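What follows is a group of structures, each given as structure tokens.
What follows is chain A paired twice: with chain B in the first complex and chain C in the second.
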Partner chain A sequence: MTAVSDMNTPRQTLNVGFRPDGLATRLRRRYFRTPANALISLLGMAALLYLAYHALDWAVLKAVWSSPDGTSAVCRDIAGACWAVIQQRWRIIIFGLFPYDEQWRSMLACVVMVVTIVLSCLPWFWKPLRLSILWCAGFIIFYVLMRGGLFGMRAVMPADWGGLTLTVFLYAAGVLIGMPMAIAMALLRRSEMPLVSRMTGALIDGVRSLPLVTILFTAALIFPFVLPDWLQGDKIWRVIIGFALFFAAYQAEIIRSGIQSIPVGQEEAAKALGLSYWQRTGRIMLPQAFRNALPPTINQLVITFKETSLIVIIGFFDILASGNAAYGTGEWSFAYFEVYIFVALVYFVFVFSLSRYGAYLERRMRFGQH
Partner chain B sequence: MQMFRNRKTRSLAYQVAFLVILALVVFGAVHEASRKLAAQGMTSGFDFLYKSTGFRIGFSLVPFDPFESYLQMLWVGIANTIFLGILSIILANIVGLVIASFRISSNGVLNDIGTLYIETFRNVPLILQALFWYAALTHLPPTKQAYSLFDAIFLSARGMFVPSLNVGGQWFAAVALALLFGLSVLAWFSMSRRFRRVKNRGTLQFVMAGLTLAAMVGILAYAREPGSDIFSVPELRGLNFRGGITIPPELSALAIATAIYGGAYIAEVIRAGFQSVGKGQVEAARALGLSSWHVFSRVHLPLAIRAVLPTLINQYVWLFKATTLGIVVGFADFFSVISVSINQSGQTLELIAILMAGFLIMNNTLSFVLNRVNKAIALKGTQLRT
Partner chain C sequence: MSEAAIRITGMNKYYGRFQVLRDINLDVGSGERIVICGPSGSGKSTLIRCINRLEEHQQGRIDVLGTELNDDIGNIDHIRRDVGMVFQHFNLFPHLTVLENCTLAPTLARKIPAEEAEATAMTYLERVRIPEQASKFPGQLSGGQQQRVAIARALCMKPKILLFDEPTSALDPEMIKEVLDVMVELASDGMTMLCVTHEMGFARQVADRVIFMDKGEIVEQGRPAELFDNPKNERTRTFLSQVLSH
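Our next item is the complex of A and B:
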């Protein structure tokens, strides 16, 4: 008994000396360490407060929130924000040109996709089988809901899809198709056959040195020329393939760097055990590569979400284009500021939570068991 | 079948199969394309490049009018893209430096401002920011009620009007070249080991700077149109301004948006670079009694620059590609010029080939040049120990 307590006491006493500083001490150290520092702090705080006050005044205190008669007359003589434009036009921003009566479907589909994305962030789903079942299910439900034509739902062609739902769809489809492509490209580039690895390398580097806009544009315009008619499908699928290719080229390099950071001994040991190429790749290399490459992968996923907005250029009606349309009528043309802020907020919510999640994963890995 | 047990034979067979499939796909695509082109009665080839466009362009560095050829229009687009790209990189760098210095300063409020800036602007797509600035700039008051600064700079919905010198555009290019040449020689003097031991290095640099300045002034004095004022100041005549330089809102919107967005990314890269410099290096410099400025300028900064440069180069190349948004605001960059040409001439395949070749050449040149710079200043051997 005594021996146990003897072992325990030093630990407890050790902690006593390291009591963390109080809040006041930490604040003083951070903001008022020296007189010059305090002056800068005060000036900076004054500037921030000034900005915050004006922002609050404009966005909340003097703002008009709704327009009872549906016109922009309520916003004629105000000094604040005219949020009435959002109240009046939010449907077009979120759903685009989707038929009015069927917009619940677009809403539901969007929710399904977002839930799928959120669920795949949970570590429990990080098994190839679970992840693929989740994504296939989410995707099929989404597609059936949006496309309709089944279970008595009216068919809505992809050309009429729009708004936030289209953005989310494009993102999910691009990543879903792009990820296997990325894995294939990374493996092909690492291949020992010079011809295969050179060709894949040239493809990856070529795609990476072109702007995404040109890839999307090419996909939309070139595929109709070079593909036989039975292979073409809808324009949106051609653009999604282009988008997936772009994502895959970047992601392939990330995976390849993940593979290269695995100690050589791992693959050699696997070879020595007599595992086949596919066993080595699927069981040894790729799982470790994905773990190594997780932070840049999340980063790439964040960037990819922002880049979906480039689809406007090809003439799709995503949330950005529908935002333009929302204030584009003569009546609301003065309210561009409010509409852009609303659209920016929607993007911000998605992108910021994705990047926070990435930061959380990085912390988790640092403390990680491996 | 015994042959296939051999790894080399098998690998060769795979590669041949790969090549055959690739050739079949390419052949099929070409065949299909030529069949469709023939069905539409289109002629392929690059002859259309010499036809006149009949198209007007808002902003161009190279003179352009609607009677000129497609080829000329493509040059205009390339020049505009390069101009906007370089302008954006420079502006984003300035913004990035300022924000990075906020982020690494010892002051808490400055840190918070830097973080707030980065989290706000990095999480909203560039194209949205470009559209926002374009809308904001075109909603400025009309030219008659333009905001003015010292009666020389005017800001209106038609763009920004700033004074300029009464010289032709090509002379500006000459001045810029002279400046670039002078600066690179100066940089060479101060960087290269060959000049380390030259005695009057300071005087040499001084003379070089003087020569550069003299060359610039000389070119401007020579190029000035006789009988005109040195400065051309914009003046309101009727509904528009005359004289000076007009910076159209399309260009400003794109430049502002990329400066703000790219600046947030560059700031993070620079901050990471400063933080990657080993604590021991800085502490050792302090222990040697160097002043805090010397610690910064002789130890911290040079090491940080070398640490960030590869990442920064990627960032520059990426920013250059990201400026290809001219089409959403109506700025005639390379991509939007190609898009217009496709609509006008219908020569889709040829123009897309030009588009891809153009971007491949531009981006690879940019990264080649920057990588050479990186190689030239990288520390050799074991010097970069943390």
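Our next item is the complex of A and C:
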């Protein structure tokens, strides 16, 4: 093994003899090549600066950042943004209806969940055992913190969970339950037994034909009538299962497309080596399928994060619904724009991080491809 | 040549209604080196792919290393571990390094400890003269190098039989020799080999027996010297004149 460590890395000699241009040269070439070109560039820049100034003026220069007396009076006669609404009401946005005195628990639980998500993005955790331990620990800590009733913590029912904490929990639980479901559905749909593959196909197509709202509605309100008591569980779990199922139906097709783009020779080579079905699937097919399907998978994960906001229709206060509640008290009702910008910013932080992580994964995996 | 490593009797294979293999009878002795040649579409590849059951036959019987190939799946994986295969398009696993390509099946299917599997893999990578590439990915290697890795990967399972399915057909001319050299060396080790190839020089040099196939049948077989210099069948003669004329 030591003999191989001093190998030269490939593609390293590519840029010999080529010196990239300086910034000034590149700017001149791209934006000021001809007089007309220069004119358009200047006009464009002027327009951008004008807009940027107005946005800055509203959002920063003329903005009010806090309300010392706790009322909306400070924002009465201003031309800028009233960020005081965030300063006053951020707890509702982030924690929803969670009891005020216990909100440190919700905060901690949210941090635990985010840390769990971030840790499982690190390659070191990509071992089945490590991932399972991480997620079990993450969910148990989250659940104990939120649900309470232990260690002298007051019990808080899931119906009172809300805000960012609820959004992150719903997302993490939905994806974590949905991903194995998706893998199972993708594999079953490729089964050689016609009955199995057709039934899975019907399930996937069936779920995909329904709006998410319908599925959540069914899970929350109709299943209690249909299922025996011991199978019902709490509403939040029924909703998470419904959410996971919806995610899984789409993700299953993404994984299947990833499997189908693997050359036939890969499975043949694995068979010829005497690997069993599960060894072939786990070590040859799925790793390659996920690489092939990485861009649409990230896409689906991004969409799913934003779809969590739909649980408001069955009475859960996710971050967007909590935002509505935060300005909806009458006193702050004029400041809805600021609240929405704040909520949008939170979404942006999560989704943009996810996109960047996807780009990192693509770079990382490119090496091991043809 | 002791007992038969492979025994095929009265085997027929169809794709739907189309018959690809007709009444194949073939005994391969342990340690025997066989080259199968014939025009494209003659069923050569299909024949050797039936031996590790990448293709299923419909009639007749195939025995490999004393076990009949049938629908018993556990049976099949067991036999495949003893029957290595090298493909025309290499089929290395692109997401694994060269070394991992070589250690995956021994550790998973044979339950060999990782360290031992790595040591074995390095031995075979040295034999195919490519140990310095062990930590690269297949996509970073040339075709000839990839095919040599594929041979090492097959050898790491310590198979009793090696099947070659046109191993040099997808290679650039200057890389054919490096792969053939490795195969010649293997042949001199007493490995049971079945090789589908158009490399007549290789066949002459190492084969105990050359089999000529056409239209799904074994048309003629014999020692390379006999078959090449004195073919009895008209179809063999036509084929050889086409292959050897350039």
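What we mean here is this: the second predicted complex is superposed on the first by the 349 of 370 C-alpha atoms of A that agree within 3 Å, B and C clash if a C-alpha of one lies under 4 Å from a C-alpha of the other, contacts with A are read in each partner's own complex, and residues count from 1 in each chain.
The rule is short, and it goes like this: contacts are C-beta pairs under 8 Å (C-beta built on N, C-alpha and C of every residue); 3 or more make two chains touch, one makes a residue touch a chain.
In this text the structure is predicted, and so the values were computed from the model without any measurement.
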item: Of chain B and chain C, the chain that contacts the larger number of chain A residues; value: B
item: First, second, both or neither for A:K271, with chain B first and chain C second; value: second
item: Touching partner for A:A73 - first (chain B), second (chain C), both, neither; value: neither
item: Touching partner for A:Y340 - first (chain B), second (chain C), both, neither; value: first
item: First, second, both or neither for A:P287, with chain B first and chain C second; value: second
item: Touched partner set for A:L122, first chain B, second chain C, both or neither; value: neither
item: Interfacial residue positions of chain C with respect to chain A in the complex; value: 52, 54, 77-85, 87, 89, 91-97, 99, 104-105, 108-109, 118, 122, 131-140, 153-154, 157
item: Interfacial residue positions of chain B with respect to chain A in the complex; value: 11, 14-15, 18-19, 22, 28-30, 32-33, 36-37, 106-113, 119-120, 123-128, 131-132, 135-136, 139, 317, 321-322, 324-325, 327-328, 335, 339, 342, 348-349, 352, 355-356, 359-360, 363-364, 367
item: Chain B-facing residues of chain A, complex; value: 27, 30-31, 33, 37, 40-41, 44-45, 48, 192-196, 199, 206, 209-214, 217-218, 221-222, 225-228, 306-307, 309-310, 312-313, 320, 324, 334, 336-337, 340, 343-344, 347-348, 351-352, 355
item: Chain A - residues contacting chain C, complex; value: 1, 3-5, 7, 10, 263, 265-266, 268-276, 279, 283-284, 287-288, 291, 365, 367-370
